[in-house]
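Next come the structures, one after another.
Below, subunit A partners subunit B and then partners subunit C, in two separate complexes.
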Partner chain A sequence: MDIFEKNRANELFAKVIVLALLAAVAVLGQAPTKGWAQRTPDGQPDLEGYWSNVTITPLERPAELAGKAFFTEQELAEREKRAEIPRSAEQIAGTIAHYDFHQYGLDMTQTKHALNLRTSLVTDPADGKIPPLTPEAKKRAAERAAERKKMGPYDGPESRGLGERCIVMAHEGPPMLPPAYNANLQIQQGPGYVAILQEEIHDVRIIPLDGRPHLGPNIRQYLGDSRGHWEGNTLVVDTRNFNDQTNFRGSSENLHVIERFSRIDADTIVYEFTVEDPTTWSRPWTAELPMTKIKGPIYEFACHEGNFDMVNNLTQAREQEKAAGEAAKKK
Partner chain B sequence: MVGLAVMAALAPYPAAAQAIAYKAPRTADGHPNLNGIWQALNTANWDIQDHSAAAGTVVSLGAVGAIPPGQGVVEGSEIPYQTWALAKKKENFANRLTADPEVKCYLPGVPRATYLPLPFQIIQGGKSIMIAYEYANAVRNIPLTDPGQSPAPSWMGWSVGHWEGETLVVDVTSFNEDTWFDRAGDFHSDALHVVERYTARSPDTLTYEATIEDPKVFTRPWKMSMPLYRHVEKNAQLLEFKCVEFAEELIYGHLRKKPSK
Partner chain C sequence: MRTIFSIAALLLATSPALPHHAFGSEFDANKPLKLRGTVTKWELVNPHSWIRMDVKGPDGTVVNWMIEGGSPNSLFRLGFNKDSLPPGTEIIVEGYQSKDGSNRGVGAKLTFPDGRQLFLGGSAPGANPDDGSKK
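For the complex of A and B:
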C-alpha cells in the first residue's frame, strides 16, 4: 500500500466513523426535547465538554424554500449527501489555485455535525429572514462604508478586518454562529460560573451566575458582558456592553443578546439566541441551531503570534506602490 | 509532631509546610476549592530577581514608565544560566523594548502568565481545570487525566494536572522557545519543563510555586514561589484586554502606507 492508498484508506475509515456518529445524533426539529438529567458536581445541569456548532443549514431561508420551514428526512438525507462531497478551490469558478479543503479538514466531509430539519437557522420571524434594517442602521452602514473608503484596502493594519488582525473572529459573537471552519468550543462549569472557550481565537467568555448587574455603561467589550442564570435545565445568558466595533450584521453598541443553551441528550445542546437592537432592526429576531459533542481537546489557536498574512499583505502593497512609482518616473 | 506543626506555623513565608496548617474548603467532588480570581502582588513581571528601581525604556513616559523596585521570587536568588545563556539574557535585556514578547501582545507562556500585573481566573470543573488570564485572552485547559502526546509546541504549553492532597500540581511541557519569564530578558528554550504547584494558604491567598527545568539553558532546575491574592471585590471579573491593537503600530508601523508628499 503506497502512501496515497494509505491516506485514502484512512479517509474512508474516518468517513465511516463520521457517518456512524451522525446516525446516532438527534435530528433537531423532529425529536421531542427531553431533559438531560446529568449534573455537574456542584449541581448545575451538565453542559461540560467539547462541542461544535458546525451546520449545513443557512442562517436565512433561501428564496426557493419560501413557506417551507422544515425538510422531510429524505430531503435532509439528500442535502447531507451533497454536503459530504469533498470540495476544493478548483470547484469554485475562476480560481486557479489548488486548495483542497478536504485535505485540511476544512469542509464538511470530516466534521461531525448535528442534523437539523430546519430550512433556516432563523426561527422568528416565521419567514426565516432577518428583519429589515432600520433607516438609522442603513445610515450607519453607509457611514461605516464611507469611513472604510477613506483608506486603501492595505494602507495599514486598521484597513483589514478584526478577524485578519486577530482581534476577534466574527463567529465568536455572541451570538455564536458557525464559522467557515473550526467551529470547536469548550464549555467548562465551576461553582457559580459557566465558561465558554472558543478555539478561534482562544477567547473565554466567563459567565457569572450570581445575579450581579451588568458592567457600568462606560466599559465596552468586543464580546460584550455576559450574565447567566438557569431556567430549569436551560442556561440563559444575557449579554450587553458591546463596543461600537462589534457590528453583528450591522448592529450598534446597543446590541442585546439573549442565548439559551438546552442540553437534550448526551450528544446535543440546542442553542437558541435572540438579538435585539432597536437602532438596527425593526424587531428582535431569533435563531436556533444544534451543537454536537466532539472529542476535543481544544488546541491553542495563536492567531496574532503567527500573523504572517498581515506582514505579507502590507509588504506586497508597499512593493507594488514602489514599482508603480518607479514605472511612472520612467515615463 | 506537635513540635513540627509549631515550627511550620512559625516558618517565614514561603514555606510549603504552611499548607499543612490550612485546609481549604472543598468543592462538591472533594478537592480543595481553588476557584476564584487571583493576582500576584509583586514586581516579578519586571524582573523575577532582586532589582532596584530604575528608569524605564521609554524616556518620554517619565515616572509612569519607571521600573518599580522589588525583591526577587527566585529561591536562592540566582538563576543558574549556562555561560552562553547568561550572555543571551543580557542581550535580551538590552533589546527588551522591541524583543520582549509582552510588548507585542504575544501569549505570555508559563509561569509568566501567573505574575503579569493582571488577574486570572481558575474555573474548576470535575474533569479539568481552566485558567483564563486577562492579559491577551490567554487560556489554559488543564485536564486531570492524561491527554496523551502534545501534537505541537505552543506558547502556553501542554498541561496535565493532578491533586497531591492540598495541592494542585500541573506538569507543563511542549513549549515553543518564544516566551520570556519577565521584562528583564530571562528566557528559556523549547526544552522547558515547568511543574506548578497551587496550594491554598488561607481563604484568600494561594502559594504558587514553579519548578523550572531546561537543560539547554540552565545548569540545574530552579524554583520560584510567591503568594497569589484573591480579588475579594463582590463585582470582580476579568475584563477584556485584547492588546493586539495596542501593538499593531510597533509590529506593522513600518509597513504602513506613507502619506503622499
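For the complex of A and C:
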C-alpha cells in the first residue's frame, strides 16, 4: 500500500463507524495500520463474503444540512437512535399506508448496517448534491415521458417499469445502491474474476480482471459491461455499454461508471463510485458508502415467478375499465 | 439549534421502505380491512409473500382471502420459515383491500387473537409462532 492509499484508507476509516446494531457493540477506533491484508488463495485482496449496503444516509445532502459535510459522533448517535424507533407507514408523513415496517423487518431496527458520519453519500461536488441535468438530458426526460404516455399505464406488462416486471431493479446499477429491503450482496472471487450477486433481484455481475477490452459499442446490457483491475488493495471496476433503458437518474446509454471497492477492515468495504455522462450531467459526480459484513446466506429472489402483483394490477385495471364502460352505457 | 437538528435528523431517519410496486396501483387506502380467520396456505414467494385465509362472514359463509405480506427473504432473516404459519392458525389481519374489490388485500398488521404481533421481529420474545421463543 503506498502512502497515498494508506492515508486514504485512514481517512475513510475516520469517517466510518461500524456498529452491530442488534448486539449494540460499537467497533470504534480500531484504525487499520496496513489496510486489510488478507488475500484469496490466488493472491487477490480478499473482498469475499456477504455484505449489506443498508444506510440511513441520503444520497444527496438535505437542504437543512447545507454546508455541513459530517455529523459529529453525538449527532450521529442521536440520528441512529431515531432510526431505531419502530414505525408503521402511518407514522411516516408522506407515505401511503402499506405495511407496518417493523413487523416485516423493513425498518432499520433489525438490520445491521454501517454507520456513516457523512450527511450525504455524494462526496463530490462538495455540496453533496448531484450536478444539474444538461438541457439534452431534460429534453430526453420529456421525450421518454411522452413515449410512456402513448400507452396507458396498465395496458399490459410492457407499460410497467423494469422493476415491477422483475427484469432489473433500479438499485442494481452499477452504481449499486441499497434497495429499501434485502440490501444484501455476495462477493466471490476466483482467478481472473470477481462476481457480485445482489439479492434483489438475483443478477450476478461477472467482472473479468484480465484486461480484456469492453464489448463492442453495439452490444448494450441492462447492467452494462464491467471490467476490473486492482490498484493496490482497491478493486476498480469500469462499466460501460449500458442500454438506454436502465436510466440511472436520467442517464443515457453513454453512462460510464467507475467503482472502487476498498476493504478497510474485517467488517467494512468502502464502496465509492464516480458516474459520468456528458449527455446527462454538467460534470461527473462521486459518492461513497460503507458496506458491512453480514451473516449469509443470500436467499434466492425468484421475483418473476412470484410476481402476482403484475396480474393483480392488470386485472384491476381491466375491472375498472369494464365498470367505466358499463357506467357510460347507462348514461 | 438542537431542535432544528433533531427535526432534520428525524426526517433523514425515516426514509420509507417502499415496496416492490406502488401501493396505490393495487390497493385502496379508502378500503381498510380487518379480517379474522384461519390460514389455509402461506405462499413464500418473492417479491411478496401471500397468505391465504378463510374468513367466516356474519351469515356463516366462508370466503377465502389472499393477503399480501413482506418479502420472504426479510421474513427468513426474522427467523421464519415455511412451517412457521401452519394452516389452521387463527390470525387477524388489518390492511387494505384491492382496488377491484376482490377478496384480496395487503396485510399492514398481522396479529394473533391474543394480541401478539405475528411478525414482530425475530428478536422479540414470542414472535415466532413455532416455539414461542426467540429465534
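Throughout what follows, the second predicted complex is superposed on the first by the 290 of 331 C-alpha atoms of A that agree within 3 Å, B and C clash if a C-alpha of one lies under 4 Å from a C-alpha of the other, contacts with A are read in each partner's own complex, and residues count from 1 in each chain.
The rule is short, and it goes like this: contacts are C-beta pairs under 8 Å (C-beta built on N, C-alpha and C of every residue); 3 or more make two chains touch, one makes a residue touch a chain.
Quick caveat, the model's predicted, so the values are computed rather than measured.
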Q.
Is A:186 touching anything from subunit B or subunit C once the two structures are fitted on A? First, second, both or neither.
A. first
Q | Touched partner set for A:56, first subunit B, second subunit C, both or neither | A | second
Q.
Quick check for you: in the superposed arrangement, does A:288 touch first (subunit B), second (subunit C), both or neither?
A. neither
Q) With the two structures laid over each other on chain A, which partner does A:299 touch: subunit B (first), subunit C (second), both, or neither? A) both
Q) With the two structures laid over each other on chain A, which partner does A:43 touch: subunit B (first), subunit C (second), both, or neither? A) first
(Q) On the A-aligned overlay, A:272 touches which partner chain: subunit B = first, subunit C = second, or both, or neither? (A) neither
Q. When the two structures are overlaid on chain A, which partner does A:199 contact: first (subunit B), second (subunit C), both, or neither?
A. second
Q.
Just checking: does A:308 make contact with subunit B only, subunit C only, both, or neither of them? Give me first, second, both or neither.
A. second
Q.
Is A:219 touching anything from subunit B or subunit C once the two structures are fitted on A? First, second, both or neither.
A. first
Q) Taking the two structures together, which residues of subunit A meet both subunit B and subunit C? A) 154, 166, 201, 299-300, 302, 305, 315
(Q) Which residues of subunit A touch subunit C once you look at their complex with the stated criterion? (A) 22, 56-58, 62, 64-65, 75, 78-80, 82-83, 87-89, 92, 94-110, 153-154, 163-164, 166, 180-182, 184, 199-201, 299-303, 305-309, 312-313, 315-316, 319-320
Q. How about subunit B: which of its residues touch subunit A in the complex?
A. 27-29, 33, 35, 105-107, 121-128, 130, 132, 137-139, 141, 143, 147, 151, 154-156, 178, 234-235, 237-240, 242, 244-245, 248, 252, 255-257
Q) Along subunit A, where are the residues that touch subunit B in the complex? A) 40-43, 48, 152, 154-158, 165-168, 186, 188-193, 195, 197, 201-204, 206, 208, 212, 215, 219, 221-223, 297-300, 302, 304-305, 310-311, 314-315, 317-318, 321
Q | subunit C residues touching subunit A - in the complex, by the definition given at the top | A | 4-6, 8-21, 23-27, 29, 43, 45-48, 50, 68-78, 96, 98-102, 104, 106-110, 117-123
